[in-house]
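Same chain, two partners: subunit A is paired with subunit B first, then with subunit C.
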Partner chain A sequence: MDDKITLAVREKAKELLEQKVVDCFIGYEKATDNLTSRPLFVYKPEQAERLVFDNTCVHNLSKYLLNKKDTKTAVVAKPCDARAIVVLLNENQVQREKIYIIGIVCPGVVDSRWGSAGTEPEVRCQGCPQHTPPLYDFLIGEPTDEVEQDAYTDVTAMEEMGDADREAFWKEQFQRCIRCYACRNVCPGCYCPVCFVDLKEPLWAGIRVAPGENWMWNNIRAFHLLGRCIDCNGCQRVCPVNIPLMLLNRKLKKEVAQAFAFIPGMDPKALAPLATFKKEELAEPSK
Partner chain B sequence: MSVEEFQPRIIGFLCNWCSYAGADMAGTSRMTYPSNVRIIRLPCSGRVNPMIIFKAFQQGADGVMVSGCHPGDCHYVDGNYYARRRLAMLEPFLEYLGIEKGRFQLEWVSASEGKKWSQVVARFTDTVKSLGPRGKI
Partner chain C sequence: MTSFITKTSLKTWLGTLLKDNTLVAPAAAAGLTFFRPVEKIEDIAFDFTNTALSPKSWFFPQTETLSGEIAGNGHKTLNPEALEKNAVLFGIRPCDARGLAVTDKVFLITPGDTSYIERRQRTTLVGVACLEERAECFCTRMGSSPNSPADVDILLTEDGDGYLVQVMTKKGQTLSAGAGQQQSDKAVPPIVPTKPPARLPLKSAGPSPDMDYWDQSIADRCIHCNICAFVCPTCYCFDTFDIEKEGKVERLRSWYTCQSPNFERIEGYMADAPKGVRMRHRFYHKLPLFPEQLGSGYAACTGCGRCVVSCPVNIDIREIMDDVEKFRASVGEEKAPQA
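== the complex of A and B ==
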């Protein structure tokens, strides 16, 4: 089944590059450990043979579109990656006519690390609500319309803890943070030319690796993705100290879904929930 | 020496046009209310970036309150509508981080509501007092 996707991707890449529909094709190739995958940029039709797609293709390639704003680019997108592209379109970061989306009906990816292909499905795939990309120009696989309800079991488990336990939990998690900013660099939603954390004036989070500074960084990072995080698990996957960042993102996703019935990355025309308002909503503060 | 009662440190972000004037009204009307709120005057409740609330808690605030014009009365037409959405999302998130419910509050106080301001502050101070000190993160 994976082989079929690989062949289809190669064929499409060759066709698009030969007909000069796109100048660049972003996909995956086998990494040098011969087990995992890595991103590949294809510029010539004959290089298309290197492309693969299997269940180790964990990366979200949509972030690369931000560096390809002026060239017509095709990109291989799993449903979560396609949702990221929708968010970038929502925010006018990429132009629709400059991108060509190869949607893939995703069978799920595995938790693969360098040197081991892995067998366990990744966290995001275990409760994945959507197997067909919401937006594509060319689809590989049979589309299924169903979008399941997200159960948020992980978030609910956190909510059931006591306040003090939760505070202790996050303190323990954040104190491991080494502030490498891998979570930011991998995130398709984090494209600000100057990130708040790099500002000296005002100093939101100091560069010191200390509990308070780490607390500021991780929380504000999550809050800046409110109504924008598309559950691609990138931040948690790249975190070298395994902080469960998706627990923060998913909490906010749940709140947004409940309050505004909004799920990011579904509609290219939709406005971000914090960029708009309704006059009659959200009950008056408690008297 | 007697043991002093815990006096919470509360930061209040007030909009210039309604709540700040409302607090002023409470003062000129000689109403008494707890002095625990340190007021920071902002042009609009829409100016309240959630980052400054995170920062206040990180720096050791025991409670944070945001107060602005009633929805529909914003001096800048719709600033408080945006603030309402943003802060409605912030409140459960703070709780999720382990900051007890009740340490953060959003209130609408108009320029003529000096009495309401004094009541709001008294109630909020009581709540935060009962929750106890927090300390810096």
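== the complex of A and C ==
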């Protein structure tokens, strides 16, 4: 099945580049370990042969669309990646007419890092709201209505810790943080021209890699993705010191789902609850 | 004659060292291993392959704070920091020890960096040779070797229920005096052969015919995080930040990297350059430029492979060296400007 997807991706890439529908095609190729995959930018039809697709294609390629705003670009998108594109469209960060989406009906991806392909499904695939991308120009695979219910077992376990235990748990996690900002740079939702953490005036979090400042960085990063995170697991996957960032993101996802019955990235026309302003909200809150 | 120390004696010895020294050793956390000051021998991960982060952070901490006073005339004095105790770094791999030889070139140049000098002089390196080569390792391609004793004070090579001991320096002699080693008629295995350090062959600055390669094959993919520089045993760039308050001054110093867009704003050098230039600069600095500028004889890459494993998008320095070699061959020697 994977081979079939690979062939379909190559064929489509070749066609789009030959007919000049797009100038750049972003997909995946095999990494240097010959086990996992990495992003590939294709500019010429003859390079399309390098493209692959299998269950190690973990990267969310939608992030790269932010660097290709002036180029007509095609991108391979799993459902969660397509949801990221929906968020970027909602937030006016990319133009629909500049993007060509190759949607993949996704069987799920495995937790893989360079050197080991892994066998366990990634955390995002448990509780995946949809296996068919919500938005695409060309679909590879048979569309399915299959929906997984997110049981939030990991989040519930964290909620059930006492306050002191939970604080101790996160302090322990964040003290490992080396502030490489890979979690930010890999995230399609993090596109601010100047991130708060890089600001010297006002100083939100200083350059000191120390408990308080690491705490500030990691929490604000998560809060800025409130109601916007599409669970692509990118931040957690790239973290070189194994901080379980998705646990924070998923806690916030659960809160937004409960408060607003909203899952980000599902509908290109639906605005995120926390990015929406309604006039009637000006009224005094009822006592 | 070589000497030999059993695994039990090694633990006893390390236990003795713990009394008067800070013992920095590999310790497990979150499924990974990190060099950390340990409180008891049981915390040491003796069966580690290599740590997630390099031991450079012991000598060049990710964040340092120098404190000082502001005098009446506004003159500021910063007080050098002193270690409480001498330190022993146990478990350093030969590649990471080579990394220290690289950072020495930078921080020991007269007048030297007081904090680094203090930590370096007061720390004894007890290295452990690598017996297996992992998929990401390439030290033999960078002029180092999995069992090179060149850059440590003592090198241990595992052998059966103990370690063969090579004492390389005076510092090592002093430290190992009470180690409880036995004479052994076993010879230390020969040093695994190494190639001369790899160097990128093209000119290190200015416009170059290889720019398309950097722009389209490397820069497009890079997400410009700081991982490669922060896991690297040789990257030594830093940022500083001063805080003044009530007659006191604090100078913070934290790691920084040429791959961060803010860094280039400060440095100016690459301020308006495309991403590919930034990428190219990183590899050219590590490979031809560092030995040129500091006369080290070896590159500022030791082949530890950490960036290979940790890069989120698989920017693999070995592949880059191969590609640039191929490129050089394709344009011909005469067209490729020499480094």
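In this section, the second predicted complex is superposed on the first by the 274 of 287 C-alpha atoms of A that agree within 3 Å, B and C clash if a C-alpha of one lies under 4 Å from a C-alpha of the other, contacts with A are read in each partner's own complex, and residues count from 1 in each chain.
Throughout what follows, a residue touches a chain if its C-beta (ideal position, glycine included) is under 8 Å from a C-beta of that chain, and two chains touch if they have at least 3 such contacts.
Everything quoted here is computed from the prediction, not taken from an experiment.
Look at A:215: by the touch rule set out above, it reaches subunit B but stays clear of subunit C.
In the superposed model, A:138 makes contact with neither subunit B nor subunit C. Looking at the shared chain after the overlay, A:282 reaches subunit B, while subunit C stays out of its contact range. In the superposition on chain A, A:191 contacts neither subunit B nor subunit C. Once the two complexes are laid over each other on the shared chain, residue contacts for A:163 go to subunit B alone; subunit C is not touched. Of the two partner chains placed by the overlay, only subunit C lies in contact with A:178; subunit B stays clear of it. When the two structures are aligned on the shared chain, A:259 is found in touch with subunit B, with no touch to subunit C. In the superposition on chain A, A:223 makes contact with subunit B only, while subunit C stays out of contact range. Once the two complexes are overlaid on the shared chain, A:207 sits against subunit C while remaining clear of subunit B. Once both structures are placed on chain A, no subunit A residue is touched by subunit B and, in the other complex, by subunit C.
Residues 29-32, 34, 52-53, 62-63, 65, 134-136, 216, 220-221, 223-227, 230-231, 239, 241, 252, 254-255, 260, 262, 308-314, 316, 318-319 of subunit C are the ones touching subunit A in the complex.
Interface residues of subunit A, counted against subunit C in their complex, comprise 31-33, 36, 38-41, 43, 59, 63-64, 67, 113-115, 173, 176, 178-182, 184-186, 198, 200, 206-210, 234, 237-238, 240-243. On the subunit A side of its complex with subunit B, the touching residues are 158-159, 163-171, 196, 204, 211-212, 215-216, 219-220, 222-223, 226, 248, 251-252, 255-256, 259-260, 273-274, 277-279, 281-282, 284-285. Those residues of subunit B that touch subunit A in the shared complex are 50-51, 54-55, 58, 71-72, 78, 81-82, 84-86, 88-90, 92-93, 95-101, 105-108, 136-137.
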